[in-house]
Amino acid sequence: MNKTSVTIISKKIIAKETIELTFHAEGYVNQISPGQFIHINVGNGSSNLLRRPISIADVDVDSQIVTIIFKIVGVGTDQLSRTEVGDKLDILLPCGSGYPINQLELDRALIIGGGIGVPPLYYLAKQLNKQGVAVTAVIGFQSKDYVFYESKFKELGNCHVVTDDGSYGFKGFVTDLLNDTPIDYDYFFSCGPTGMLKAVSTQLKNRNGYISIEQRMGCGVGACYACVVPTNDGTNGFKKICKDGPVFQANEVVLV
Amino acid sequence: MTLLTRIPGLTLKNPIMPASGCFGFGREYSELFDLNKLGAIIIKAATLESRYGNQTPRVAETSSGMLNAIGLQNPGVEAIIDNEVSFLANYDLPIIANVAGSTVEEYVAVTKAFTRTANIDAIELNISCPNVKEGGIQFGTDPTLAAEVTASVKQASKVPVYVKLSPNVSNITTMARAVESAGADGLSMINTLTGMQINLNSRRPLLANKTGGLSGPAIKPVAIRMIYEVRQQTSIPIIGMGGIMTAEDVLEFLLAGANAVAVGTANFHNPFVCPEIIEALPEVLAKYGFSSVEQAVGKGHEYGHKDLSRT
Amino acid sequence: MTLLTRIPGLTLKNPIMPASGCFGFGREYSELFDLNKLGAIIIKAATLESRYGNQTPRVAETSSGMLNAIGLQNPGVEAIIDNEVSFLANYDLPIIANVAGSTVEEYVAVTKAFTRTANIDAIELNISCPNVKEGGIQFGTDPTLAAEVTASVKQASKVPVYVKLSPNVSNITTMARAVESAGADGLSMINTLTGMQINLNSRRPLLANKTGGLSGPAIKPVAIRMIYEVRQQTSIPIIGMGGIMTAEDVLEFLLAGANAVAVGTANFHNPFVCPEIIEALPEVLAKYGFSSVEQAVGKGHEYGHKDLSRT
Amino acid sequence: MNKTSVTIISKKIIAKETIELTFHAEGYVNQISPGQFIHINVGNGSSNLLRRPISIADVDVDSQIVTIIFKIVGVGTDQLSRTEVGDKLDILLPCGSGYPINQLELDRALIIGGGIGVPPLYYLAKQLNKQGVAVTAVIGFQSKDYVFYESKFKELGNCHVVTDDGSYGFKGFVTDLLNDTPIDYDYFFSCGPTGMLKAVSTQLKNRNGYISIEQRMGCGVGACYACVVPTNDGTNGFKKICKDGPVFQANEVVLV
């Protein structure tokens, strides 16, 4: 994990309230595995002391460029949305443990993303695709206005878009689509709101898979115990989301 | 310029140490910088048995501060000694163990356990915990209870005991004098102010524990005031803390009467803040006319040179 | 959507009023906007005789807050009635008079003087003053003294009495229950937390009075916590304050249990903040599912809808 | 007094740690009299709640442009120094009461400024000059590096520069120069650090004059009583610097 100051090289509104930023992170990108996050100082003097965790959505190793995607939901992401090309960002990276894809034997992967849980799955899908894995993505959003990266996922394999209100693609939740549509896969990989992760883990409880979860963070480095989640093995154990996670085996931890 | 700081049980290269609970047991930060740079380390609170702590969310951001309700999560004193103190013993770094408990007996047992290792240089007695026997009254808000636990821990300890005061009291000097009389070797102040944030969406306190401890620059004026008041009425050394972000803040604490300082919340904003403050401190001391840390201690109580008029 | 707020003695168009000491007697702000927009006005503390107050500097900025030590400067209750209340009487605006004093007798005398005018709708009893008879102990940190002064003022007053609680106490609910039992019609909370800033150049406390009262967003979590705690243990209405800057902050206070709110320090940041909050409030209430102010009061104590998961 | 948002149109470093900013203030400049100030929100979220008072150094009524000059001495002025051309500034203006020059009969004026007390005296000197008053300025600075506006004062009349260390102009304090140099004047007008104002008021106690003083401010509008200064008339009276001042008759108030 490193602390560095990066310069924003592009900024794009890719969906409603959803912003894509890219920056150079020379020398750091080779360490990044899909599922890891960066921990961002959103600035504003000492008003906002806690950094904000945002997943790494894409990495271009050749150009050493990192992409993040975030939704404006509060003061920190609002502030982040006001940064402009050329502005500096003070970040920690890479943080946490990503999807252990190098240790897995798989030919077909199912990606299940919801809302701002979709970004880390894009870099994952890209890496899987590079390794010759067949990727099917199921990505859910509130409504049509919030949909992003459909075509990017389509470049990598199959992609089903689901919206809560049916304003685009399949109407319902990602789990409804999974019920309706037979998909072959060896492992699933999911990230999204806790409710979705619970539904997915329950529905796919007999399958191998990984999920990525969120919690409010203090340090982001594993020192403060703000982000713990109980393990599911009956030992009263726990994991730190910022350090041991955010990626866990499905059913390894208790979703609260 | 010397940063050397001597307080009971501790000879510090510099007066800067991470505050309890804000630096774990140093492991994570040891991957970022050399812990030997620190004046000392105050490790996370230890209880007798392992504790899971509170439900999440455990932290919330506030204006220039944060709330936390970790709930003393820790693996228990024996595991801490075996796995964490042993790790820290590899460094040339004084270790201060933060001791918590729900009864006087627990405080004493934890303290005794720590005396089994020679690597603990001082105890920081965290009296902000609710006393289960006395129906949840905090040891830290009742001078009689505070004196009692201080005397018992002092008896059990082979190393100096710094009592960590809670700011949630009407009269901080009464508390400070009570623990001084009971034998405290030093004071550590301040712990967090109790606060709450209510989430507008959920219509509930954001923290699962409802209330949490407020820390960060927001509370610095309260910390400075309390240290200043206590400095005038007690003579034991003070480890000061509460909102320190910069070397200038450190000097403000020294002037108020702190002999050394701890840095908590700032570590979350910038994991390198402790070494950065240590690096900046000599220049800041020099700028304001001091040639050592010890020279600055308590100087806010004397009439110095007047507010320099600027032309 | 209705902002109408009814609390003892006061029917308010909206629940927003400027806090005592942060708006003078309204004159200066009346040149900036129409005071009739306000829910009410809480005027600057009155003592029996005119007071010059403390030496300057009287204010200092802190992280997300400020310290003040004005020292109750005011022209005395009679002059206030003659020159200031008479001016405010031209507005369609409930007036709350903040009453200060060094003895129970002075509090009573000031209260009696205010009863001579029909234009005062309620008394805000400021018990954060040191009691000169009892050797400087603050009325606001001792439940017995607080109850005593409350009962006496209550007897002298023709209008409802809101007791303004100090946050510098170990147990705010004890204080609240003491003044409730003594007859308080309502509570006003919180006053400022005592703090200090030391100037590095002068090596002295920046404020001439050394300590000052900390206000602003820095203290909001403490205010919310105290109001939440007190709401669970008393049944009289609460005027909430401490760091309010926005309509969202107002809603947080309502959820915590405040029936109306006062805005202090924010006026200095933005002299138009009160009318701006009043303007924004209906939309904020609606956004979070409320159709009136009264509906939101205390709703942070019930289990509402869960933290909405975002997709 | 108005609250408005203005756009910075120029920014210049005119001496060591000393910055000159200009902005358009359409519709407000006609109300400004010399000696008044603006009260600036220095930004940074809620970290810095109190506005900073800065004197109006010049007004161009034709172009509706206001000039301010400030020295970087702390967090607020530092922040202000980071604003760039095109940035917005949230200000209150005009604040306080200026020099009552329209009510005075005078032919010759003596201007005595020290450091960042010099700026308001420039607009005063300009207005006096316009009214046909002969202006002599005595302006003091720490050292050569801090000197500014000498040539601008010279355009309006005589100008003596004094530096504490003698690195430029006369060596010493402004009062030393006044002792040394006979100057004819009807009224003096002074602004600068309290020490200087005390020395000036004492030395010129038999002359007619006005001084402008500083104090830490809360509201800046006269409501909070943070900025009071005792009057000198033995009545236990007081004045508010932000409202009744910052300009007072010399010896009207007690300098502390």
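Chains: A, B, C and D, in written order; residue numbering restarts at 1 for each.
One rule holds in what follows: contacts are C-beta pairs under 8 Å (C-beta built on N, C-alpha and C of every residue); 3 or more make two chains touch, one makes a residue touch a chain.
Values in this document were obtained by computation on a predicted structure and should not be read as measured data.
In terms of the stated touch criterion, the partners common to chain B and chain D are A, C, listed by label. Measuring from the averaged C-alpha position of chain A to that of chain D gives a distance of 55 Å.
If you average the Cα atoms of chain B and of chain C, the two centres end up 33 Å apart. In whole angstrom, the spacing between the mean C-alpha positions of chain A and chain B is 36. Centroids of chain A and chain C (each the mean of its C-alpha atoms) stand 46 Å apart. Of all residues in chain D, those that touch two or more other chains are 45-48.
Multi-chain contact residues of chain C (touching two or more other chains) are listed as 63-65, 216-217. Taken as a graph of touching chains, this assembly is complete, with every chain in contact with every other.
Interface residues of chain A, counted against chain D in their complex, comprise 44-48. Remark: chain A residues 45-47, 71, 73, 114-116, 140-142, 146, 164, 192-196 touch chain C in the complex. On chain B, the positions that touch chain C within their shared complex are 62-65, 67, 141-142, 168-171, 193-205, 210-212, 214, 216-222, 224-225, 228, 243, 248, 251-252, 255-256, 288, 299-300, 302-308. Against chain D, the residues of chain C that register as touching in their complex are 21-24, 27-29, 31-32, 44, 50, 52-53, 55-61, 63-66, 68, 70, 73, 216-217, 245, 265-272. Those residues of chain C whose C-beta lies close enough to touch chain A in the complex are 63-64, 309-311.
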